[in-house]
């Protein structure tokens, strides 16, 4: 694909200049995408900011997606590299990758070893892999792709074009929207951790509720989303969940959130829209997190978090305060020495 | 089911009053259980304490499980809601749910696609799902339910009525008691992380021991319980383990413990009876935790913990001290400023 | 097996004395390996140091692997226990276990229910379990063992003698070396968590790269190793990864590292050779960790770590400083009281 053809695929408002204007003849054939370090004379790479100037000066890439940075553009032009400048290099990089690569997906076909209950309904052009098991009264939308060894319990509904990767399990009555991606090993709709203390030890509370995933939700490998005793656990539109995440019974998560790997949400946590939870964050029972809030890695949230707040640490405090504390934390032994001297007086 | 019939199902000593005494005619038909917020004119809801008074004043529920709280009882009576009062609302809620709902379980039947070694022994009324694989000399008790795509390695024993959910793996020679629930994606009896440093890098230590689960143990989705080099890893009677938990080789866990999601136990940890480990707790090698101890969320235990102690933080310290420290922690930057001024003198 | 025969299996330079020299007649028959506490009159046990003197004085073991410790040797000799002394008791224990026990492995055989694409190539003496699914153009080396219910996506390569335990998933184009062990529930080669913010919410970045595992890598149960947008995620020779670990897209991990349970590596983390990451450690995007560095349990690494450094805490600081701080941390409430008094002056 010619470099100019790639640029045509980008939304016009994302492009703020290209070497083609000054050097229309420098319009190389691009055969793939690579990182700056591993690029070859046939590949397009991208660069996020000025700190990569040295690498731009050495990369073997034939074409570059650059930030709006005249210095980088000059280096690239001097080296005869075609470039396009944009305020959103990563976004254009994502679009460029999709021009050359699509993830593997089997053709629509029901494998003869799949076990599909006769009461299940299947949409058009469904793919169901070898040894998948589909239970009673399951409803599968058009274009759904179910990889091998997936198990779907009775009463589940799966929206159009949703992908279930190998070895995942969708338990009873879960409702999964359209255009979702459920990665391998995920378990959706299992029983919430509901045990009540009593004189005779833990008594199990059955979990009669369900899990609902709205459209365009993605759930990473080996994550678990539990169903509640009554009502719903709900994940909002276009929310993305990374690997090994725990979502407890009855949580309600808004739309367009990003929940990083190994985050754990206890029961009945309420998360707004556009919330970012970084890796290994933990959230206690019934905590409410406002729209657009951010919790940095490893923080532990015990209390409600305001919309747009950035919190850190455990127990979580405002990020700015946490950064100040982290800066002086290392001086504690010195402070303690002085404290001891003064306490003696 | 009539409200009065539901109350008859509760143990008599758990009931400390009901609206039926004063208003025997107000005995509604109940068709299901719901939360206070989502209840309808056909459903029973529950309420844990006085802080829910406003919601009790608005709920559409036709019947309520209430704490022993005269104000709440009065509000309910005034609104014509039938109620039962108890010191244990959550326990009665659990019992009530079980009257209207039981988790899905397939009928006793061996699916023709299940692969069962001829040396395996099966009890009465066993259910084995599609594509499950049962190895040599496996012993499966009466009423056991094995969901689809489960793999059971040779020499495993599974007690009566135990449930293995889809896609879980029980490795060689594990012994699982009666009435256990093993959730989807769980791995029991895999090799402990045993590598010994040597001049030529890591040398693998084979793990010849086994994992033993006593009766009534529950293990949450995608958790892993490893077998040790020699001897046993053992989980005691009625202990409940949440999702994504790691139990290392050679741990011994007592009875009636609750281990929350994403907890990690290193090797040879000894946990007493009735211990609570909250979410994302980590425990170092060979630590001993006494009966009834509690570790709050995200704490890291490096040293032994006394019976009934409550510990927090990392490294873990008594919870009361940790709360005090957390309260003054935010003042560290101010303290540091003063410290700097004084240090100059 | 006679005790003397066991000693002959040990490398000569690891043995620094044995009771056979003084008491050649005390050469018992050993039938298995056990821990000091559970040993019987037929089993060999091991002991790591002098603090176990009391247990050596009581153990029922017929033979012992001891450290180079004259007191322990004397106790053992006095009790008529055969012993061998070594500076590396755990290493000899590992070797001894392997004389009596090998993990279960099925015989080379393709189970008739396995679904193997006709374009896949299989080496000599391969074992493929029931209901395993092998995709297009997969290359499987000699002596590979694939347990039941494993799914291998198209284009994967698996080196000689590698073991894939039940219910694991190897996704598209992953390259797994020789002599690797992939435990149950592991997912290798899934899409990295690549989403780019835009005006219309998260835009998915396809992950066209691959995951490469060099020879002798071991990956613990339910861990996940993601593929990157371009290039490779790579795990070096003989690196050992425990259960429930997350390795993000584009990480490069050196050789002979040990990565403990529940560790999480974000994207593009660079880890040197011989690095130890203890349980629940988290590492931020693009952090570089030098050869031989150690991060203690639960630490959070936001900045690069020097070779051979030992770091702790969150944000991670040098371990020695962290220990000092931890020692005075408990005095914070007192310090704060004094601070308040002085601030008033």
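Letters A, B and C mark the chains as written, and numbering starts fresh at 1 in each.
Just so it is clear, a residue touches a chain if its C-beta (ideal position, glycine included) is under 8 Å from a C-beta of that chain, and two chains touch if they have at least 3 such contacts.
Model, not experiment: these values are computed from the prediction.
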Any chain in contact with subunit A as well as subunit B: C
Interface composition of copies subunit A and subunit C: same or different, split at half: different
Inter-chain centre distance, subunit A versus subunit C - centres from mean C-alpha coordinates, in Å: 27
Junction residues of subunit C - those touching two or more other chains: 113, 131, 149, 167, 185, 222, 244, 262, 280, 329, 332, 335, 342
Interface residues, subunit C side, partner subunit B - complex: 33-35, 38, 88, 90-91, 93-95, 97-98, 100-104, 111, 113, 129-131, 147-149, 165-167, 181, 183-185, 218, 220-222, 238, 240, 242-244, 255-256, 258, 260-262, 279-280, 297-298, 326, 329-330, 332-333, 335-336, 339, 342-343
Touching residues (chain side subunit A, partner subunit B) in the complex: 113, 115, 131, 133, 149-151, 153-155, 167-169, 171-172, 185, 187, 190-191, 193-196, 198, 201-208, 222-224, 226, 229-231, 244, 246, 248, 262, 264, 266, 280, 282, 284, 300, 302, 314-315, 317, 321, 324-325, 327-329, 331-332, 334-335, 338, 342
